[in-house]
Structures are given as structure tokens and as C-alpha cells.
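Here chain A shows up in two complexes: once beside chain B, once beside chain C.
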Partner chain A sequence: MADYVQMWKDLGMDLENHDLLCQVLPTAVGDVFLSQENRPKAMDFWDLVISEVHGIRPAELIEEQKKGRKVFGTFCVYVPDEVVIAANGIVTGLCGGSQFWVPDGEAVLPKSTCPLIKASVGARLGRTCPFFRIADMYVGETTCDGKKKAYEILGEDVPMYVMDVPQMKRPEDILKWKNEIAAFARRVEEFTGNEITPEKLNEAIQLVNAKRRALQRVYDARKSECLPISGRDALLMMQIAFFDDPARCAQMCNRLADELEDRIRDGVSVVPHGTKRILVTGTPLAVPNWKLHNIIETSGAAVVCEEMCTGTRYFENLVDETKTTLDEQFMALSERYMKTNCACFTPNTGRIDDILRMVKEYKVDGVIDCSLKFCCLYDTEKYSVSRALKEAGVPILSLETDYTDTDAEQLRTRIGAFVEMLDA
Partner chain B sequence: MNNYQIGIDIGSTCAKAVVLSSDKKILQRVLLPTGWSSVDTAEKLKEALGPWLPEADTVATGYGRACVPYAGRSVTEITCHGRGAAYLFGGPELTVIDIGGQDTKIIRLEQGQVSDFLMNDKCSAGTGRFLEIMAGTLGLRLEELCELASTGGGTSISSMCTVFAESEVTSLIGRGEKRENIAYAVVDSIVTKVMSQASRLLQGAGRVCLTGGLCELSYLRQALKKKLGRDVLTSPDARYAGAIGAALLAGKGAA
Partner chain C sequence: MPDSTLRYYILFENYEQGLALHGLLDEQGLPNRIAPAPRCFKEAAACGMSLLVEEADIDAVRQCIKENRGEYRAILPLAGQLQARRDKYC
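This part shows the complex of A and B:
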């Protein structure tokens, strides 16, 4: 393992506390990932990245910053990476997925805030995440009340830009989001000192589309009856996609997809024939949150798709690549991003349509709808999701959890019983 | 296939075991307190099951299901309680309310198979533990608390949290409220909590039954009946429902 201590010191991190985090991660990676049998060889890339998750990519970002490039930290799949890339900026995800960061977040936020927000704020204020130290600007969005207020706190010691996401999807809302994207583009130009031209924006659109296609290819392989990759491995790939260079991400995902397609042709499956196939839907699973997938896949079932931000919401739908003026391109971006179905919109029947479609596409036996504690939006939407699935005759289990391990055994009982129900 | 089927249900408070004959008749029931070690409890059960064990297929369930090395496999308590209730009460559709030591399960059965279920979260409100703690505060045994409750009324506890509810009971005592009225409020609280948890599954057709350690408390069942507005069945074997279900599944091989 390379020595990143000096880099972390230069970033002003709390090394003592950060060491505690570094100590627990290898065990978790070993238990959740390396213990699996018959993994695709191409997972070696993600195994390496996760083993040095606070080293490899942060070091790259710092090198790019030395060349004058700016790093934008984001928290949501509605923030258009294309705009940042067109101005020669770099995007990195910032969402926190570990209980480790929660206490530092709770020092300033109400306890009844979702763990993702608490962990993100805690990672910043506790100075235990290099990505939060590196980012030159944070880009937030108004997808929930907890985040809106948390951004005010984060904005106190780092440049913060908040995009106003509409709450409905009427034509005027799509126009409004287009204008928000245009305003964001002006701010990015100002901050980077680089002009966004239609040519550059088109290149960026193509680059991000290529990444989406590559991620989709891996997911397409998961639709096969012969399941070539575990849900845990696919989730890890998804989580890292938020942090990686988009071109390399596409390259690595395509390399993985090549292997998965070979496996399907050769009949190589990671689970015995007849293993029940689970679609997981709900709130995002930010790295290193692997609890749910790990419990499902050690209870005799396999996760074949994630209808979540760390899943299909991130890559489904492409941006129209044929537009030639900024105005048209901003509209094309708005149209693509507004196709993403988040519970922050009302109504949000598109998400139910997505889930029902994915149940068919991924040959799903049962759906697990899991939301993070205190996420009022996804928690409330469970009612309509579960009703629609019951009407369609699809078994559904609704769960709520956080980042702690204290409910692991209770989750194991529920998930185990659900799998037994599917097997009966 | 062996001559006997054994089901072992190690719950948070009590461990139960049942031996079934090849024609699914109950030959033996064993009931022990779980104590502080599931491993020791499993050993004690092993002694009690000595005559049958060598010729039996065995399935373990409950919180301690992983601590039974001599069981062929383990199955979750939800599936087992469902199967056990179907064995005891039958019917094409059945809703099972199982109030256990530290969790409450509501299980929907269709044609004897689990079709849906709900479980309380980490909180102990609406479980046997809640009743035990309140009985302790009132200086009563569980049976005494329920008996007293049947003569009380007019008071309620608003806290769902066991800890807060306990301090509410303490302040009711301090205010000089009659013990039977407090006992009534305690039972009313648990029934209300279970009902609100169960409401989604209780809309289904078919009969309702009560299983788990608290099914022998007749006033609790009366209170549930009253709140539900429909009959609540039980049976002397209802606290063995999990073990019976496990024993039934022991005859089904690995499926």
C-alpha cells in the first residue's frame, strides 16, 4: 500500500481519527467482497480502488489541481456532470456511507436527520474524508429539506453552490431546470475561468453518455438467468463510478461487461440455478454501505438490480448528442435529468413504472424496498410502491435501516423469512 | 427419512422444543427459560430430547437458532410460526399475531404458506418484555397484572417507549392511581401498539390467532378481541407454534 500520510496531513485531515476508519475498512472489504467465490476477474480494478479508496483517486485529483483544474464535489444524481467537465473541471461524489462519520454530523445536525446527511456533514467537519478536503466547490441541490439545511452549514467553510431542483415535472418545470443548468454553467465558467462552448459541452455529453452506456452494459448482463456477477460486486462498481474519472470508469465497466458477456455465453453463474432474484429499490447506498446487499446475498438470494441513485437512476436515459447550441444543449440536459424519478417529486408515478419494468427486465422474484431512517420522502412512497407491486403480484418487503450494525440480525430475520417465502 | 421430526425454538425469554411422530402428532413438548446463554440452553434441550434425537430430523428457529449444532438446518421464526399456526388453527386464510419476549410478529397465511409479514423494529413496545417490565414496576407477576387489569379502567399510558412508559407508570403510582387501573392502562397500551402495527395485515379475510409466550394470558386475548372487533383464537399449544413449525419443516428436507 502506498504511503498517503503526507498527503492526508497536507489536506489538514484528522489523522488519528482517520486511522480508525482505515483500520476497519480492510476487514469489511474482506468479509463482504473477497470472501465471495467465483468473482469476475475484472473486479480486480475495484478491489484495488476500494482498498486504497482514500489514497489513489485523491492523489490523482490533487495532481490535476496542480495543473489548475478545479474539483467539484456533488451529492446528487441531478447535478449535471457534463457542465463541469465542459469547463475542464472534475466531478467527485461526496455522499458519506459510514456510521463512522455520523457522530461528527450529529454534533451539529438533529438526530432525526438521515444518516447519509449526517455522515456527509460529519466527514467534512470531522476532517476524516480526503474528498471533502480536496473539493474546491461543493454543489448541492434542493432534493430534500435535510440536505437544504445541511448545505447552509457546509457552506460556512467551503464555497457552496445550490441548484434549485423543481418538485414537479410539468413542462414549465423542465424549462426551469434548464435555466438552473444554464445558471450553474455560468458559475462554473466563472469559478474555473474556462468558457463552456457548444463543442466542449458536446464532448462532455458524449463522454458521460459513454460512461452511462458502459454501466448499462454491466446491468444488462445482470438480466441474464445465468447471473454472472453478484449484487455486492455490481454495487461496488456503481459506488466507485461516482468518484472515478468518467473515461476510465467507462473503460473499466466495458472491460467488466466483456467478461460478464463471456460468462453468460459459457454458462458461468455466481449462484446456483434457482436462486431467488431480488430487486433493491429505495434510498442510495453510499460507499462503504454494503450492509443490505451483504445480508441479502448471505441469506440465499441474489441482488440483480438496484433501482436507486447508486444504481439505475445514475445511468438510465442518455442526453441527446445532436444539439449544437448551448441553449439546445441545456434543454437536452434538462430533459434527460428530469427523466430520473426521485421521491422528491410529486407525483412520482414514474418510479413505480420503472420498478415494474425492471421486475420484468431483470426477471425479479421479489422486491426489497429499503429506505434510510428519517427519509420521509422514500418512507412515505413505500405505501404506493408496495400497493402497485402487490397488485402486480410481485412479493415486496419494506425495510428501514441506518448505517449502524445493531439491527443486522433483525434485518437478517426479515430478509431470511422473505427469501423463505419466495422459496416456498 | 427418520422416524421423528424435532423443532427447536430458542426465543429471547424461553426455549421450546417439540417432537413430532411421522404422522405429525405431538409426542413431546419441552419448555425451558433461555437464560443468558443460548448455547447452554441448546445443550439442556439436547438432554431432554435424548431419546428421540438420534432418530430425528431437526430444525432450529428463533433468536438462538444459530446456537443449535445438532440441528440439521435453521429456518427463520417467521416461517416457523406461520407453519405452526397453520398446523394448530388451519383455514385457507389466517392472520397470526405472535407476541414474543422481544418482538411482535404479524404473519399472513394463505393456504398454509406465509404470504406477508410484519415485525416490530428495535423498540420493545408491544412485546412481552414491555409487559414484564411494567409488571415489575407494579410489583406483580405477569398473570397477576393481567388479572388485575380485567377489573380496572379509566386510565391510559401515552408513551410508546418502554422507558418513558415506565416513568409514566411510576408517576401514576405516585399520584395514587389504583393498581388495577394502571394494570389496565399497561395492557391497553400493548394491545393498541400491536393493533397499530398489525392494521395493514389485519384487513385480510380469515381467522385471527394469537401465539407466543403471552397467549396464555386470557385477559390480554380478551382485550385484543375487543379492540379488533373479531374473535382471536388460541390453543394450549400456541406458545409452541414456532417449534411445531420448525418440526414440520424438518420433514421437508432442504427445501
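This part shows the complex of A and C:
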């Protein structure tokens, strides 16, 4: 562990402040994860990763940098990992899910910015996130106004590349995104010094597809009436997927899926029969944001699916693996990524179709649509989501929250009443 | 009701040492779980893993460690650590 202290020093981190974060993490992990009974044994892996979250993976990334590889820090599921991997680069998620980082973000951003953005900027400027310190380049995208402005600040001392995401999904927008991917590939080649060939890109496409299939397998297990894993554990798996090596991520998720499938066969559930099943939709839940899931699952219900960027939007839809030229592959990537239904698009009826489909697939009793404060896009979509679900006869609860603990009691009251209503 | 259960945390020099003992205890059928080392222990000098053992299992775990010369840094008791409804997040 002492090695990590030296590593953090070498990364120029604020050790004193970082230590404050290290103090609160064990309590939250204990309360949210270790208080659960009958967890899948395969969760050992994620328990280790979260216990050493600022240690093991950062150390691995630094070792790879010593070999000449470049690390790209990303913020959004729209950035195509395949392109970076094809140039022998590494993709990592960045910190942004804790109230701990918000004050440092508020020092430079308006308070009326969503906590995810404030925390991301705060983690960078406060020098308390090793991933922000390690990344050789940040890759942003234009999925919200707050992030666009934040990238201007983050790009002041680290190379920042911003991809221009279309705001509609017409054929010309899919073509535009293909061209954006091609331009990004040229920048990645230049930055890494490695050429992206059709063969390398195909390998990368297959690798990331394998990761998507593994994540899907775990989610498929959650569709069972015999629920083999809690929503909290599935969320942790999803959150870590953004940081891990993709091959290892696929391997560990497949190992977990094997166990979950055995549990279903053996009738092993983590909740009593009849526990109400909740689909959570809305803004992403970046690690270590576990408040919503923990409150739901300690209020008598179980989360069975997340229709969010830290959920189904990350892994649903595969990239066509049969294309043999870069031009065709960029188009295949564009077609896959443009199927992701983000609230930045207009119209975004695909998201409602997804939610209605998942309500059936995951045998959902009720939906909780939760957005982070000041996320205008997802907050506005609550109207159409709520209307569609009501028309379909699916109970829905719309919420807004942030990273603080101060609204936990209020959330408990509202979620508790919602679950009680589902039970009635 | 707040949790007042006494549990034991096994602390390590590094995670490789922790994983080795985790594997040994698993092999012997002794319940143990990977957990972040609580920061109230001075021995836990940085973010890092520990093994969490219930009070009922600690004697058998100690015996197993002794017999197999399992490596660790310290075994320390702590009460009231797991409170699902505490609502203190990060």
C-alpha cells in the first residue's frame, strides 16, 4: 500500500485531501455492499477493485505508459473505445461520482451545473483522482452544454479532443458521426504514433463486442423471476467496466454470469419471492454514486435493470464485425453508436421504446426515472417518459437528486411510499 | 436498529498478500469477504483491501493462518461497521 502513496505523490496528487476520500469509502462500501447477504461469490473481484480503486488499475496504466502506450480518459458512452484500442491505446473512465469532488468543481463552474460535471472538474483541479492525473488525453463529446464548457477548462493543461455528436438521427447525422469517428481516428493515430489498420480495428471491434456480450449476459440473468444478483452489485460491475481492461472485464463478467445462471437453475435468489422489481432510468450513476440503488433496495424493492449510460446504453447493440475496410468499419461504428438513445437527441422516442421494451423483458413492476439536479435534458424528458409509462399502465416515480446525503430521508419517504403502492 | 455486531478485519501489506490468504481461507471453507480496510486502523496506511471475518469464524481463521503460515499484517476487531440504512455515501 505504501507503493500507492509514492505513486500518488509521483502523480502530483493532493495526498492530504485524497486521504479524506479514502476515509469515507470503506464506510460506504461496507454499508452498501457488505451488509447484503448471499451475494454471488464472483463479486469478490469487484470487492477487490473497489477496495483498491485508486491503486491497482492506476498502477497498471502507469506500467503500460512506461511501455509507450497512451491513456485516453473519456466521459461518455458515445466515444468509440474501438478506435483507441486499434491504435494500441487504453481507454479509462474518469472520476465524477462523489460529492467529495463537487466543491472544487464549484470553484470554477456555476453552482447550477450538474453534480457529475462539477465532480469531474473538481476531481481534476483538486488533484484527487489518479485517472485524471494519468490520462495523456481527455476525449469529450457534445452531449450537453455543461460538459462542453467544462472541456474548455479541462483542456487548459491536458490535450483535449472533443467529438461533435449530432443532435438528430437522420441518415445524414449517421454519416456525420461516421466522419467524426474517422477524424478522431486520425487524431488518435497522430497522438499514439500507431496506424489504425482494418485488421487492428476489426480486432478491437471484436474485443469490445465480447465485453458487451458479457455485460448483456449478466443483465439477462437479471431478467429471471429468481433474481440472482442485487441491483447494487450489478451497478458496481457496470461502473467498474468503464475503468477495467476490456478483456479482463469480459472474462470477469462471464464468470459472474456463469454463477448467476447456476443460481437461477438452483433457485437461489437474493430477495424473497414477490419482491417488487424496479427499472431505474435517467442520468448516469458514476462510481461511487450508490445512493439511489441502496435506498431502493433497503426499502423493500430490487433494482433489476438500469436504462442509463451506466447500464444498458453502454452495452446494447453490437458493432458489425464483417466489414473489411476502414470506411465501412467507421460506418458500422457510427450505426451502432447512433442507436444509443441519449436525451441530447431530438426527438428521442427511441429511449421510451427501450424503456417499454425493458419493462417487459425484465418483468418490471415499477419504474423510477431519476435525474441529477440541473440536468435539463433528462429532467425535461421526464414528461414524455412518464406519459408513455402511464399510458402503458406502468407505475412511475420521477425523482431528482444530487450527490449529497441531505435528501436521503426524503428519497426514502418517496421511494418507500412508491414500493408500498406497488405492493398494494 | 444500528448494527453493533463485532467483526474482524485482517489487514495486509499489499493486496497480493490479501488475495493469497483469501484463497487459502476459501479453500479451507472458512467464510471471509474482501472489504476496504477501515481507516480507523492506523495500520491501514492507504486505500487497500482487508478480509472481513465474522466473530463466529475468527478462531478457525486464526488456526488456519497459524497452521498454513498465512501472511498478514494485523487482525483487528471492530463493531457497527455495516449499516445498510445509514445513508452516508461518498
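In this section, the second predicted complex is superposed on the first by the 420 of 424 C-alpha atoms of A that agree within 3 Å, B and C clash if a C-alpha of one lies under 4 Å from a C-alpha of the other, contacts with A are read in each partner's own complex, and residues count from 1 in each chain.
Definition applied: contacts are C-beta pairs under 8 Å (C-beta built on N, C-alpha and C of every residue); 3 or more make two chains touch, one makes a residue touch a chain.
Keep in mind that this is a model prediction, so the values were computed, not measured.
Once chain A of one complex is fitted onto chain A of the other, the partner contacts of A:414 are limited to chain B, with no touch recorded for chain C. Once the two complexes are laid over each other on the shared chain, residue contacts for A:380 go to neither chain B nor chain C.
Contacts of A:400 after superposition on the shared chain: chain B is touched, whereas chain C is not. In the superposition on chain A, A:197 makes contact with neither chain B nor chain C.
When the shared chain is aligned, no partner comes close enough to touch A:349: not chain B, not chain C.
Between chain B and chain C, C touches the greater number of residues of chain A. In the superposed pair of complexes, A:55 makes contact with chain C only, with no contact to chain B. In the superposition on chain A, A:423 makes contact with chain B only, while chain C stays out of contact range. Residues 409 of chain A contact both chain B in one complex and chain C in the other. Residues of chain A touching chain C in their complex: 1-5, 21-32, 34-36, 44, 47-48, 50-56, 97-100, 288-291, 294-295, 298, 403, 405, 408-409, 412.
Residues of chain A touching chain B in their complex: 400, 406-407, 409-410, 413-414, 416-417, 420-421, 423-424. If you check the complex, the residues on chain B that touch chain A are 63, 75-79, 103, 113-115, 117, 119, 121-122, 255. In the complex of the two chains, the chain C residues touching chain A come out as 3, 13-15, 19, 22, 33-39, 44-50, 52, 81-90.
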